[in-house]
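Quick notes on the structure that follows.
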Amino acid sequence: APPASGASCEPGALPTLTPGSLTIGTDQPVYPPWYLDDDPASGRGFESAVAYAIAGKLGYSRDQVTWTRVPFNAAIQPGPKTYDLNLTEFSITDERRQAVDFSSPYYDVRQAVVAMADNPLAGATSIAALANARLGAQVGTTSLDAIQQQIRPASTPAVFNTNDDAKLALTNGQVDAIVVDLPTAFFLTSAELEGARIVGQLPPGTGTPEQFGAVLDKGSPLTGCVSTAVDSLRADGTLASIEQEWLASAGNAPELQ
Amino acid sequence: MTAGTTSAAAPELSPLAQERLRYRRSRARRSTLVALASTVLFAGAVAVGITSSPGWPRVQDTFLDPAIAWSSLPAVLEGLWLNVRVLVVAEAGILVLGLAIAVLRTLRGPVFFPVRALATGYVDLFRGVPLLIALYLIGFGLPALRLPGVPTDTAVLGTITLILVYSAYVAEVFRAGIESVHPSQRAAARSLGLTHRQSMRLVVLPQAVRRVLPPLLNDFVALQKDVGLISVLGAVDAIRAAQIESARTFNFTPYVLAAVLFVLLAIPTGRVADALAARSARRQGWA
Amino acid sequence: MTNQVLEVRGLVKRYGATTVLGGIDLTVAEHQVVTLIGSSGSGKSTLLRCVDLLEEIDDGRIFLDGTDVSDPRADAAAAQRRMAIVFQAFNLFPHLTALQNIALAPRVVHGVPAGEADERARELLRRVGLEGFAGAHPDRLSGGQQQRVAIARALAVRPRLLLLDEITSALDPELVGEVLQIVRELADGGMTILMATHEMGFARTVSDRVCFLDGGRVLEAGPPDQVLGKPVQERTRQFLARVIAAGRLG
Amino acid sequence: MTAGTTSAAAPELSPLAQERLRYRRSRARRSTLVALASTVLFAGAVAVGITSSPGWPRVQDTFLDPAIAWSSLPAVLEGLWLNVRVLVVAEAGILVLGLAIAVLRTLRGPVFFPVRALATGYVDLFRGVPLLIALYLIGFGLPALRLPGVPTDTAVLGTITLILVYSAYVAEVFRAGIESVHPSQRAAARSLGLTHRQSMRLVVLPQAVRRVLPPLLNDFVALQKDVGLISVLGAVDAIRAAQIESARTFNFTPYVLAAVLFVLLAIPTGRVADALAARSARRQGWA
Amino acid sequence: MTNQVLEVRGLVKRYGATTVLGGIDLTVAEHQVVTLIGSSGSGKSTLLRCVDLLEEIDDGRIFLDGTDVSDPRADAAAAQRRMAIVFQAFNLFPHLTALQNIALAPRVVHGVPAGEADERARELLRRVGLEGFAGAHPDRLSGGQQQRVAIARALAVRPRLLLLDEITSALDPELVGEVLQIVRELADGGMTILMATHEMGFARTVSDRVCFLDGGRVLEAGPPDQVLGKPVQERTRQFLARVIAAGRLG
């Protein structure tokens, strides 16, 4: 995590956009299990809960948190930001660090393959078995990178605007399988997509594991404080219990070899 | 040869004229019936084919769920209201800028070469650049400069971008109209002592605009929908509203709803064009 | 009555509330030249356009070689193939050259091979004194040149009935003579012609019949010497008196 | 009054003509210089204003990073290749269908009322519906029916949707052209015995198309970019490729790269139109 | 030499490689009527268009009231405001009614109040015999009616120099007399006129000078009795012989 940039992280008095309140951004719509019912202010869903926990650590009460909705590209654009921090399953990479600040990671993510149960692919146990399949993923996600770098399919993967489009293409049979992050995969197969099942999760990539972090404006004075908050949430076990509450079943998918 | 005797010009129709009128009417009626019947038949066949398909229940649930349509209506309508507001402002700006560029592009003579070249360059640039990318560049790039006095409101920046891009298209439409007016009309105007501006305004443009009304309205119908692209900057238009609703319910009915609303919005535009064209044709005796 | 090529009975044409032709009766026999005279706006052009089936008529019948071609059940295109008209405003096709204007209909309507159609078009251009202008587009031709191309275009389809609407209006007097000579030759060659003209002298020498149109009616008709020489109607006499005053009776 | 003496038609230019030619040339040159200078000045002022702004380094990094442009070039180019391929197929289909609908819409007389009404309905429907939503409905809805024989390939479904939607626009453009040809031209064609089809093909359309070439090419330039929307069905076009690269790096340079490529693609289209228009104007002596 | 309204010196006009006017010299003095005659394609219309500054000329000068208006430095629009032309093809504005066609220039160019301009336009329509057609669009008028509207439109701007290009071509003989009477009145009223015509009889009675154009040159010019009666040039004699043969010398 980057060092606290000199600023003292005095509770409830950070140099935020609106003094005395913390503006947290996220996309619209947002999806379970990260946020439930497209309602970030409910506190329900993993990232919503994490957001409130961070706010709490920074000294902001629940009603001092304001939510703002920012599409992906607007979140990463170079102009003045409309949020103090943004939690929308942003994966931390060095390339991206050129453009924005990231907090310490709040979640280690794995990618998973989802297929319809009646598709022969549903029984696959190895990555090699996926190489000839028609695969799809959402644009702007590391799921797409995972397809290209780990599965290396023979045909170009389909890229969709949203996971909704990907899901429809999957049920229509226009793709054989889609790759999403593991928590999403569990949510899809258990609640949303009848007859879909998780084929397995992809092995962790080489090098640093993929992690989600909060996005802040490049050079934001808050980055250090947010990172400290995340670190202490991890240390005191809060993150683990939030994960337990919202992403409980994430552990039990077979790993593809 | 017989001539010289004229039958009285009957205010009443003669039996012959009546019979012919009846024949024409009956033919028109028959062809209406044939067209109607074949349309109904064709539509019916397609409908049966679709509704009896194995996937139909799924499709019906996914695309045509009345409960979801009803519940998403307020959000989609609110989004549409944004489209309409931006549309009105943008249209005014586009007409003015597009017309100006078209007039510059149609100036003749070597003296005006540089002006023409600039106008051509403008059209090439702004017509060529994808609207989405223009929105990113202007909507994100301009505020990022952090210059004082530059607007940062996304609706304002989005509207400016729409005007810049669409005026390039509209300029080409006007140009076609201006160039289709026979040069002898310009000669007549100039010979009466009208200035270039007056000839344009009073003689060339009235004829030009009438001729290109359909493609002009094309651009405005397209704009009605492209206005929605400013939602990439953060505003929520009808399509984005539909997307949000659709994501909430994992159902595509809100998109269908938005489509229906857009079609309803576009239909009057088409009828206005038809009415205007018919009126001026009737006046000029072309009917 | 001999072989009637054209027979018009009780023709009525209205534009909205205005009756432009108020019941015209007229026949043109084979090899005859019939001339329409009358003041501006009297309906000459409208009558020719109705005969050529370019306007839907409001009442009456038009027979071409005995067939009622004004019947909505009749094949208008087939009838139009047997007539040709030279318009007062020429109506040349601006996107085609003079040669292409002339060769178009023979090629696509009458199936004449392209080479032959072009050859005939060239021949017709020579006949109207425009051999050098085969490749020119109408906008590059002078008024008189355009009118001659229009005449050549009509002749190219070898019509059964030729309709001419003031074909000498844009011509200089020198050419008027030439073009009228062409019409005379056509008439002598047996062509059946219905024409509107302001050339009284010509009307007198070439016509078999002259019809005086006034306010959408045939007011007087008969041999040229009678209509132009000893008119019965007061209105005809007035018209001719003014024509003579204008120095145009020839 | 003096007349009758004619000065020899000089194949050489007279001193007067030479002087006037020189004057005209110098004026043209001066106005070129003025326009150039003012353009350069204006562009320079804008450039200085932008590059000296506080946010410039950030903007430069975000929108104009040469390393990122270079690394994303292959992917964006590959995406553009999809645009071009779909474009060619779609354009052919659009021209044919659009022309057919336009001809149906311009039929006169009560007998053709039903045909006209159907064509009008087609235009209203497909012009009104947002392309994105039409892509969803056809690209996702049609395969969902699981009918035998219906294609499920996204490129095919996307191309069909583009043809359906754009032909509604192009039909309106053609209609404007057809209706701008003076009825006396049709009368002349019919009087020569040409059938309705022949009049259309040989007399009306050649004049109509020339007049609406600019708006027609407008639609094709717009199509060049809208082709990319079929990427919602999963295919990767140039803009989608730029989006993927941009999301990887959180940098907008790939978008700028795509914009530049699209502009380059659009420029020849514009020049082709100009050249064609100039050629036919010259031929007809309008120049 | 009296007050010269128009003076043309060595006027050359080319279209690409073809020289249409090969060095024309011509003057029109105040209150004079000068007539251009010549066969079709001889350059009459082109000369009138050049004088009205509607074509860029290739060589020579055009003086209007002593000012070189052909100079590229001169204000062409100002010069055009002092002339008016009636085109051979009328060139009426199709989107305006007859009345609006006539009242347009007085209103927007000469600043006449709308009501007054309409009143004058109505008066002019009466003068050309079209009082009933004020509200009609050109496409609804017959050829002769259109031509008369075009004449009224030119007169409406009260020009210093009036240019007329075959203004009687679409008129019936009865109207020819009337319109020529209008021109005669204008000439008598002191209007300066340059016109192209095929009406030799009229040219003879109304003109102060006649110029015979041939192949883009003024072949012969002088008083009408001389040019039309005892022409010097062989080509002129030929032309006139054929005109007489066509019965049009009046």
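Order as written gives the chain letters A, B, C, D and E; numbering starts at 1 within each chain.
To be clear about the criterion, a contact is a pair of C-beta atoms (placed from the backbone, for glycine too) under 8 Å apart; a residue touches a chain by one contact, two chains touch by 3 or more.
Predicted model only: the values in this text are computed from it and were never measured.
Novice: Give the chains in contact with both chain B and chain D, ordered by label.
Specialist: Correct list: A, C, E.
Novice: Check every other chain and keep only those touching both chain A and chain B; list them.
Specialist: Common contact partners of chain A and chain B, which must touch each of the two, are D.
Novice: Between D-E and A-D, which chain pair shares more contacting C-beta pairs?
Specialist: A-D
Novice: Per the centroid of Cα atoms for each chain, what is the distance between chain C and chain D, given in Å?
Specialist: Result: the chain centres lie 45 Å from each other.
Novice: Between chain A and chain C, tell me the centre distance in angstrom, where each centre is the average of that chain's C-alpha atoms.
Specialist: So the centroids are 84 Å from each other.
Novice: What are the residue numbers in chain B that touch two or more other chains?
Specialist: 24, 27, 58, 62, 136, 140-141, 144, 146, 252, 285-286
Novice: By residue number and range, which residues of chain E touch two or more other chains?
Specialist: 15, 89, 140
Novice: Do you know which chain A residues sit against two or more other chains?
Specialist: Each of 73, 77-79, 168, 171 in chain A touches at least two other chains.
Novice: Chain pairs that touch, all of them, please.
Specialist: A-B, A-D, B-C, B-D, B-E, C-D, C-E, D-E
Novice: Which of the residues in chain E end up touching chain C in this complex?
Specialist: Listed in rising order, the residues are 15, 37-42, 45, 88-89, 140-145, 148, 166, 169-178, 180, 198, 200-202, 239, 242-243, 245-250.
Novice: Where on chain D does chain C make contact in their complex?
Specialist: Interface residues on chain D, with respect to chain C: 184-185, 187-195, 198, 202-203, 206-207, 210, 280, 283-286.
Novice: Could you pull out which chain C residues touch chain B in their complex?
Specialist: For chain C paired with chain B, touching residues are 1, 10, 12, 15, 19, 22-29, 32, 34, 58-61, 71-73, 209, 211, 216-222.
Novice: Give the list of chain E residues in touch with chain B in this complex.
Specialist: Residue list for chain E touching chain B: 49, 52-54, 77, 80-85, 87, 89, 91-95, 104-105, 108-110, 137-140, 153, 157.
Novice: Under the definition above, what is the set of chain D residues touching chain E in their complex?
Specialist: 1-10, 13-14, 16-17, 20, 23-24, 27, 285
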